[in-house]
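Each of the next two complexes has chain A plus one other chain: chain B in the first, chain C in the second.
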Partner chain A sequence: MKDGFRQSMAWLHTWTGLVLGWLLYFIFVTGTLGYLDTEIDRWMQPELPPAADNMTPTRAVTLGHDWLQANVASAKEWNILVPSDRNIPQLRLYWRDTDNERDSVNLDAAGEPVAARDTGGGQRLYRMHWQLHYLPGWFTGWLISIATFVMFVAMVTGVITHKKIFKDFFTFRPYKGQRSWLDAHNALSVLSLPFQLMITYSGLVFMMFLCMPLLISAFYGGGEAAEESFFDEVFLEEPEVTPSGEPAALVDLAPLIAQAEARWGAGRISHVGIKQPGDANARVHVNGLYSAGPLRTSPGMTFDGVTGELLHERAASGTVARNTRDVFLGLHEGMFAGPLLRFFYLLSSVMGTAMIATGLILWTVKRRQKLDSKGEGAALGVALVERLNVGTVVGLNIAVAVYFLANRLIPADFEGRADWEVHAMFLAWAAMLIHAGLRSPAQGWREQCVIAAVAFCAVPVVNALTTERHLVHSLAMGDWVFAGFDLAMIATGLTAAAVAFYLRGKPAEQPAGSRRAANRRRDASVSARP
Partner chain B sequence: MAVTSRLLAATLGGYALSVVAGVVAGYGLSVARPDAVLVGMMFSFVVYTGAFLWAFSTRSATRAWLGLMLPTLLLAGPAWWITQGGFA
Partner chain C sequence: MTPLLLTASLAAAGAGFGLLALAMERHRKQLMPARRPWAPGQRGLMRLAGVLLLGGSFFGCVGVWGASIGATAWFGLLSLMAVAWVAVLTVVALRRR
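And then the complex of A and B:
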């Protein structure tokens, strides 16, 4: 459509990137935080004891079973999450009662329930990565699918657009306005390209059952029953067992756990599910670790809940096609990653976040220079994008800090406090968007960096004032989850302060650009870190 | 106007092509029915991306449509045959 293939691809890159850029930025920020989901969970429930992942599965299941039997014996289904590694730090029970309502409790090492504040925690923040918030599920599913696909198109066209992809590795020309932004955008994208391609394509793989339903119909026929039979075949689901209505005592669980551990290795159990406990048709499902490797699946065993007979065994590894899918999902989530690899996951996703931020800013800087050289004022489109950039690139991060502050400041007995944490986050974002709309872009960048500095530095202070687990205490105890969280907040706040200081006294009409390239890039990346 | 036409070609035409190509590739590369669905889906995204690039790189919007509709029609026959019991 333009002259030449590369020009067409550059055009496509520019516009696909712009149209959904802010949504993609939100997805990348919440996704980055998702790599620290259980750490954030732990910080957001300071009442819970430190991780209990040295508890043996047998001990955890015994404690869990005793509590469930004593307190919710009539439930339809019991589940015991075994504290096995970083992904499951606490002994946690959840169940469904006869009305199918789900409830849960955490137990300490003695098997006593621990009262903790109601919170969405890191999990709710992480779920926004693909569920967003306030929107109906079907709509969100399609919106995320489209955004992911648009991201993939933007990645591929971005690569095609580059003539000198290798040279871009080593090119950074600071203090040169538009060119600096372009260099920053290129360097971030090229250095982390394999990660960004993997994360975007595997994102599509996550959404494929939703956005490519016709392929199921093509092989299984239309309708819900056909879809069910497809899922049963792919995931080797066993047929649901209905309760018999005859009471029968549940089998002793310890020998079943021992049998599973003998198969998969000591301690390698993450979940035990008991269907219709106390019924003659009870079933016990024992699942291995999901996080043993990049294959996102776990081995499983199903036992008769009365006799203890092994009815069914499921291997973690499936067909080549199934394994391909599971590896993409496993690479995307990185649940298997230890501290070092987790650090690189974080670094790569922060670079992805900064890639989107620099791309959005580049769009405005380019057009602003053209407008200024013609002596024209701001065109409406450019002015709008400039303000959305301020209110999202900085504003969304302020909203995340507010989410953490709300966790500490909303009273523990406040009705619906977990929902209000989220409302506080989105109200803060809305306020930042309004602020950005009322100020010139240069003022907006500077002032929101000041707000971000205050908000992030306030998090450890408020934590110290409202809980016993302040930074000095955490450091003395060697509690690196709490200390790391507080230190990351301080580092993010100080970086925002440094950027604000750098931006001081710039003429108000000058667009955010030129001399600020390096700093803005750093700001965008650091503020995405929790 | 031309951009709208290309956008429709990319989204709708590209989707149609990726579905029929996914069905044929899934069938061709798999020995079992559930695998065919998984392979077809994972393959379809690659086709969809290619279709998107095609729709915005041709000299005219008409060529964009033609270049997507011809392979779709060509693959629709085999795809139809597969849906009528390729694995039965």
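And then the complex of A and C:
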């Protein structure tokens, strides 16, 4: 009975993992990069000065206000993002005009606008983590939700299937074919299991309003108005302000900032929003930092925009239900993570990505070995999965390198260049999938690793050729975001080169080998047994 | 104080996992091949000490980061140290061959 249960769990694990494995791999790669979103943003706009996070909020708000007043005085809403920590590295303004059109500008330390290339940046890459690309929103919402459910099922069934979690806790046996892939898959998942469970469960929490819409109607009643009041409560939307039509000078913002800083601590301000500036009904919203802890909300204060009177104040901590949700979301996004904790987040998410990759490869290695021992050549399903693995596990990473290369190589005045960065990425991925389809898996792995090595190593080279901020310059200036980015590209490229070198002329060691290879591998593992 | 406490947490987690690994016959053979297997009492003691060290590293993390961030960081620190031991044991085993 027990074995029967474990077997059906193993079956479920195998097939749920396979069917959505490539999509989950995409989600994990883009999610991993999401932990470096603002760092990637900064690298992708080399025109912007290095982070201005030593600017005081008062100074930032004064500069921002002066620019907005001088240039877009008629806008119905102003926003000033205060450079406060890694999450907001630059002084950035955005506004909505009377037609609801949004626009934005970055200011340097002197308050002058900085022209920077149009790019999707790290944010575009990160948004693919839950929005994918080229697909309608309602469809991706459901697809991502289903993938997250499946991920959760795969995690739980994986734990049940794994018979020796503690006995094999530290075990990795290299050079033993399928055994090694299973060991690697197990070690990667078990050693980062708390993170993987947290990230998957909290991923589901993100999707809860989509997946469980009826719960809202159950407590708030049906209809759009009820839904709206619910979302206002959840998302803490500041109500729209109707203009009185009477002009009135905006209150001096500096004392308001001082009041908020006295409350939350010096420098702990992330955003100042002004609704209907220049109108008698103007409102000023001041928001604190999101990075204080895993609770993903900030404290806020609302002031009368003319008299400067404090109208109401909101604590970061809300009701128990909202706090529960906010903690899960906060843990998922890790905006509070400093450098070391961010490194832990990266390590865990890279392990998750590798867990999916090894799982996908394991599926083919197992079946290829069985096919080969029966002397059967190709089975269509196995051959297809083998090639999709090559084109995704390596190919998607090449596509990411191409995204970065496109950022440097597409001319600054090229129409729609931000979109073409993404098109370049997906074209590269498509090319890699086609390449994988045309070559044998052994050739595919080797050749794509060579392509990945070249593509990643080319990134810092192209950066040096097209901008002033090359690696030596970044190191000399102590610009660790730029230097770190270039060094990470080189490290990734060298890793791919090492794998390609390892796979050279050794079909026996490539993940899903030919028949001869599999035989040799089996012989080796038999002889290695004591 | 904080760097010291952080180093202590890392060391405690590393030592804790090391003891847990060493208490296992498979890894005892890799790390101390000349030694005869542990007596059950010795093994129990090593496991207990290992678990206590891991627990100690938790309180170190809480000391460094505060309760909520510290608890999050502790899991990351455990993953790092466990992966490090897997790497060490793999290299040791390969060298012995």
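The rule is short, and it goes like this: the second predicted complex is superposed on the first by the 497 of 530 C-alpha atoms of A that agree within 3 Å, B and C clash if a C-alpha of one lies under 4 Å from a C-alpha of the other, contacts with A are read in each partner's own complex, and residues count from 1 in each chain.
Convention: a residue touches a chain if its C-beta (ideal position, glycine included) is under 8 Å from a C-beta of that chain, and two chains touch if they have at least 3 such contacts.
Note that this is a predicted model, so its numbers are computed, not measured.
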| Where does A:Phe149 make contact in the superposed view: on chain B (first), on chain C (second), on both, or on neither? | first
| On chain A, which partner touches more residues: chain B or chain C? | B
| query | Touching A:Val205 in the superposition: chain B (first), chain C (second), both, neither? | reply | first
| message | Between chain B and chain C, whom does A:Ser244 touch in the aligned arrangement: first, second, both, or neither? | response | neither
| message | Quick check on the superposed pair: does A:Met9 touch chain B, chain C, both, or neither? Answer first, second, both or neither. | response | first
| query | Where does A:Ser317 make contact in the superposed view: on chain B (first), on chain C (second), on both, or on neither? | reply | neither
| Once the shared chain is lined up, is A:Leu214 touching chain B (first), chain C (second), both, or neither of them? | first
| task | Could you look at A:Pro294 and tell me whether it touches chain B, chain C, both or neither (first, second, both, neither)? | result | second
| Contact residues on chain A for chain B in the complex? | 1, 5, 8-9, 11-12, 149, 152-153, 156-157, 160, 201, 204-205, 208-209, 212, 214-220, 230, 233-234, 319-322, 324-325, 328
| Tell me, which parts of chain B touch chain A in their complex? | 2-3, 6, 18-19, 22-23, 26-27, 30, 32-42, 44-45, 48-49, 52-53, 56-59, 79, 82-83, 86-87
| field | chain A residues within the chain C interface of the complex | value | 167, 169-174, 187, 191-192, 194-195, 198, 293-295, 331, 336-337, 340-341, 343-345, 347-348, 351
| Footprint of chain A on chain C - complex, ascending | 6, 17, 20-21, 24, 26-27, 65-66, 68-69, 72-73, 75-80, 82-83, 85-86, 89-90, 93-94
